[in-house]
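Labels for the chains are A, B and C, by order of writing; each one numbers its residues from 1.
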Amino acid sequence: MPKFLHLSLIILGLLCSFTATGVRADGTVSEETAECLECHSSLHPGIVKDWQNSRHAAITPGDALKVKGNARKISSPTVPENLRGKAVGCAECHTLRPGEHADTFEHNGYDIHVVVSPPDCATCHREETTQYADNLMSRAYGNLADNPVYRKLQVSIIGQTTRKQGQIQYAPANRLTKADACYYCHGTKLEVTGTEVRDTESAGELEFPIISGWPNQGVGRINLDGSRGSCTACHTRHAFSIEMARSPYTCKECHVGPDVPAFRVYEASKHGNIFSTFNKNWNLTSVPWTVGKDFSAPTCAACHISLLVDTEDEVIVKRSHRMNDRLPWRIYGLIYAHPHPQSPDTTTIRNSDKLPLPTDFKGGFASEHLIKADEMKTRAGTMQKLCLGCHSQSWVRGHWEQFENTIKETNAETLTATRIIQDVWKHGFAAGLDREANPFDEAIEKKWHLTWLFYANSIRFSSAMAGGGDYGVFAGGRYQMSLSIAEMQDWYNLRQAVEKRK
Amino acid sequence: MPKFLHLSLIILGLLCSFTATGVRADGTVSEETAECLECHSSLHPGIVKDWQNSRHAAITPGDALKVKGNARKISSPTVPENLRGKAVGCAECHTLRPGEHADTFEHNGYDIHVVVSPPDCATCHREETTQYADNLMSRAYGNLADNPVYRKLQVSIIGQTTRKQGQIQYAPANRLTKADACYYCHGTKLEVTGTEVRDTESAGELEFPIISGWPNQGVGRINLDGSRGSCTACHTRHAFSIEMARSPYTCKECHVGPDVPAFRVYEASKHGNIFSTFNKNWNLTSVPWTVGKDFSAPTCAACHISLLVDTEDEVIVKRSHRMNDRLPWRIYGLIYAHPHPQSPDTTTIRNSDKLPLPTDFKGGFASEHLIKADEMKTRAGTMQKLCLGCHSQSWVRGHWEQFENTIKETNAETLTATRIIQDVWKHGFAAGLDREANPFDEAIEKKWHLTWLFYANSIRFSSAMAGGGDYGVFAGGRYQMSLSIAEMQDWYNLRQAVEKRK
Amino acid sequence: MPKFLHLSLIILGLLCSFTATGVRADGTVSEETAECLECHSSLHPGIVKDWQNSRHAAITPGDALKVKGNARKISSPTVPENLRGKAVGCAECHTLRPGEHADTFEHNGYDIHVVVSPPDCATCHREETTQYADNLMSRAYGNLADNPVYRKLQVSIIGQTTRKQGQIQYAPANRLTKADACYYCHGTKLEVTGTEVRDTESAGELEFPIISGWPNQGVGRINLDGSRGSCTACHTRHAFSIEMARSPYTCKECHVGPDVPAFRVYEASKHGNIFSTFNKNWNLTSVPWTVGKDFSAPTCAACHISLLVDTEDEVIVKRSHRMNDRLPWRIYGLIYAHPHPQSPDTTTIRNSDKLPLPTDFKGGFASEHLIKADEMKTRAGTMQKLCLGCHSQSWVRGHWEQFENTIKETNAETLTATRIIQDVWKHGFAAGLDREANPFDEAIEKKWHLTWLFYANSIRFSSAMAGGGDYGVFAGGRYQMSLSIAEMQDWYNLRQAVEKRK
């Protein structure tokens, strides 16, 4: 057959496969997926186009398994026979493990489930799923919902307010507010609450499950098969693009506020500056990811997750979806910065006051629940190895010295603020834990948590990423920290002056 | 004539037309415009280059009229004969309707006006101009300047302060401050206040009008022909680029502060994340705009304005420059979120307290001035149809349920804050409307409007766009709302304690 | 020799020169640099790749000197003979002037210094270095560290807090905190504090200097040859890219906080909007930089630094690294906005109260230390000439009128706030300069500096760049200014009420 004819046939085949009205089962798309596309490509052109442009549509697991070495994207040693020869389409994911999913329903002859879960993805991506299950994020739902101290903080922020005897009272937020607030990022608990019949344009009356907590893509979502997490939090459906997961914008969705201003610090840092100027020329899709060649400054993923190699293809750091693998310190203060917890489930931690917190109010660590010095050294070493890809030894050491000093100093500032609030509680100007009251809900208590939840955290993120002095000082950092401490003391003094004259 | 010669002549013609020193009247550029360019292309190379790269320079209205169907960009049924055959250049716009513009002046033999207005643009774009005139934004000047309640809020923010008897007094801001502040976005009222003679480099002494309120491109600008609005607010002169109007950055200019943080929420949302990562590959200029093919996540324009089609060229939503056509709720609280006003002129609204506000202080709606349930349903349906382009029915319904719950809950929080300020007024700790005083200008009153103007609004924008839990909770949303309510109560309690001892 | 063979040899040569394991000394790379690369290209692939992609690697000073006119990038009239024929590589910069650098150390037979300083860069870029030395930024270290008033402000922000007799006490921040905070941008004072021996992978035990204050790229860094400044603050090593220096992200690193929100205002402005939408199509590397052709809206560099020409190659403004050359006003209030200082060293300024401040507390200027009216007019004229590249005369004048009104009005607001704090001091509610106390460290004093350091500055930046009404009003500008003034008065009133009852 002449070459050009061959080529024409391929093009013709492609045209047939991807018409607007659906996809024929020729080629790599399965018959089942082709049937899905028949209706859904006109119902949801956005979803279908994203998938058509994705790697999942372009390659079969069988071919993906043939890739050897660092370029391999499938981490499972093998993939079930029946899935190997077809592209990863609608049916391939949404009909997996039907017996496990509470939202499985009969749909035009297929057992479909709405919410694809990490164990579904593990069919091909087992290693990432396993690592992620051991990642703090996978427990984001329970670590918040099942910790009585954090629940008190939660209600003081999102609770419904009323006034009673000159005080603000907080009733628990309703299900929808929770889903729209904290659990948007932490993940909701999905539940099938019933079914409904909808009159569809293309197929008449059909029955669908009603899912409470849906939609949600929070990192610790409790799925309908009982599993935890949502891969689509970062690998946005239905493109599942590695370029997107490696871009800092993905992390921004949940790391943008003053409590975890990772993205804001990054974009104000030299790294962010280089990214913003040059990322248009970078290769954000190549696996493995080559320092210097594919990109000239790290994104969030580069430092925290990705497999990086040097220009001689030597591995600098291995890929890890246990995202604290390179982090000795947890700079998110609760209430002080501390060594990372050993277990992703932090509800079992107890500090010296028997509270489920990694530090006590004096700044002591709940050490038996936290990683030890040698593990901290290992993790710091991994991160520093990565820094050395673009920086000299003395640069890295100097930076690290500043960073650890900042941890120490911001913890000291948190201690100053905490001593004021303890005096406030002692004098009865607010009701804290000693009176079995919520220690977070009165005005002066809220000013107290501003100091550690917002300002100490912001300073530490800024220091960790060399995020620019201006950010860490003026944009919600040291300036605001010192202001809040002064205002706490001022309020305390004024309150004392008023009380004395009673 | 051989083809290559023909091509060469075209190129030669183009080169002649667009030399640095001006544009010859050959081809499609009119003699009048060529004369403008003679001087202005070296005086303002930036303006001229923008225009040269624009669609206005590349196509004549006559040719644009030949386009049929959804791709057509001219909405007027016809265009005056004399304008059909030439590109839309300097003279074509700046000499239209000379008798109507107060700033028309004689300039090298032409009657030129400085400020091109929507009725000028209506020559070709009648439908957009008509829709826009019915758009809330077109009344942004009067809706602020002619509402006595909003004027009180305005003076409390931008008024000149002095101290008198232990209180801050606010004098009205001067003309220039107003133009630099509120009316930068709302639009200034332009007025010709005189003329001046300038000694120009290229043509000696020339007379020009002096225009008070200029420069300005606010959305509700009062023009020198008495019309309202400024098309260049979004369609930036002199490129008038559809790509720019469809980019979210355009909306950011006036929707970035905590009162209307639409852009900030967008860029922290999944939609914004997809835009930031992939818009380099999108087609932001094609008309109509195809979901999935041209773009894979909406920008502001996609949801609120643009004509969208699916991959089969079926219209999903029609274009509308009446930008609330797809919005049942006005989530910008005044002081509560409420159904959209019926008329773009909101000065005629009266609430149950006879105040020109869409809601009363107890949260009741000024219903007879607001759209009814059926119109709300129609508008919600239009928006949801658009969502379905990329989301399933259950996804859209779940999202909408969360959004409407947020409206209800944030209105309830505003009520808590309002009850505190009403107690403050009742006890005479601040002077409100009951004492015929400005209800917005004292410290505690300002803390009150923070709760609804900044925080309730931010929470609602975040909820509307699924803007990420972190944004809506910590970046100026629920956290700050609950803090401010607690601080209001705390101030009230302290003030009472002090008073009791008088 | 046949052409294709010739080409193959060139390609082969390139491949040999830039292998992953190093660079051969063939071609333009010097033997010394090739030797550096032998180890460092695998040690730090990121550094080496950046350099390999840079102009420094692609052209020799000898060739660069041959460029005539506005396109020339080397400003020194000549370059030492021995440097002319080779690319500007590792050795070329890091071995310059070895006797001058305190960090020079013996390294594999070479005298290497770690920190390359402006006098090193002056070898080729003399004019920029000379201009920069006269730039306010080059004195950023001393202007902060050696001014006793600013040091008081500094300690009140970054000092270590303790509580003593009901007051917050501030101990000076330690060396590392300073480097991580104010001096990250202002620049640290580098000092060699010793040496250390490190066991290196490639060359066994080697001795290196230990440098206190390192890493740092602050604009006023005190270098180890005694010089001031860091070219890499903007021309990021080791790409030294003009594209990056011209992008607004570079300036953002130190101009992002509410004290100098230049970047935030820019990105919310029409200019920023155009940049964000279209910069993908711009030429950010061409020298000279042509308005309209290379870019259609200014970046920071365009207005403040770059050599701009019009489309006829006529110079609009000359390049200047004395960045206040186009600035009549210093809108960064200390404590009021004022004409720019005459000398880059601001420690010698004395106001009417003998304090080292450019304005006194009543708003009077320390005029003998500031530029005079004619110099202000010259600088305004330079900037306005630039504006005219894209705007008409009446547009520019109208904008300028608004801007100067904003300076006047914000200074008046600062005066209101200052009068309150003076009353506070007078009544002994806080201890100011009159009691030889820190005037910046108590809660009410901090609220006072919020008004001028954050809000008045933000309003002025917004006005200067036409940064959108929403930004200047609501995002940390006029709204917050009026709120803070009202809160200062409220605190003062409450404090008086409490005192009266003592």
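Just so we're on the same page, a contact is a pair of C-beta atoms (placed from the backbone, for glycine too) under 8 Å apart; a residue touches a chain by one contact, two chains touch by 3 or more.
As the structure is a computational prediction, the values presented were derived from the model and not from experiment.
*Asks:* Looking at where chain A touches chain B, is over half of the residue numbers used by both copies, so same, or under half, so different?
*Replies:* different
*Asks:* Rounded to the nearest 5 degrees, how far is chain B rotated relative to chain C when their C-alpha atoms are superposed?
*Replies:* 120
*Asks:* Just curious, how far off is chain C from chain A if you go by their C-alpha centres, in Å?
*Replies:* Centre-to-centre distance between chain A and chain C: 34 Å.
*Asks:* Measuring from the mean C-alpha position of chain A to the mean C-alpha position of chain B, what distance in angstrom results?
*Replies:* Each chain reduced to its C-alpha mean, chain A and chain B end up 34 Å apart.
*Asks:* Show the residues in chain C shared as contacts by 2 or more other chains, in ascending order.
*Replies:* As it turns out, chain C has residues touching two or more other chains at 280, 494, 498, 501.
*Asks:* Once bound in the complex, which stretches of chain C touch chain A?
*Replies:* Its residues touching chain A are 20-21, 41-50, 53, 114, 156-163, 166-168, 170, 173-174, 176-177, 179-186, 198, 208, 210-211, 214-215, 217-218, 236, 239, 241, 243-244, 247, 249-250, 252-260, 280, 441-444, 446-447, 450, 454, 494-495, 498, 501-502.
*Asks:* Using the touch definition up top, name the residues of chain A that touch chain C in the complex.
*Replies:* Chain A residues touching chain C: 267-270, 272-274, 276-278, 280, 290-293, 296-297, 310-312, 314, 388-395, 398-399, 401-403, 405-406, 409, 412-413, 416, 419-420, 463, 466, 468-475, 478-479, 482-483, 485-487, 489-490, 492-494, 496-498, 501.
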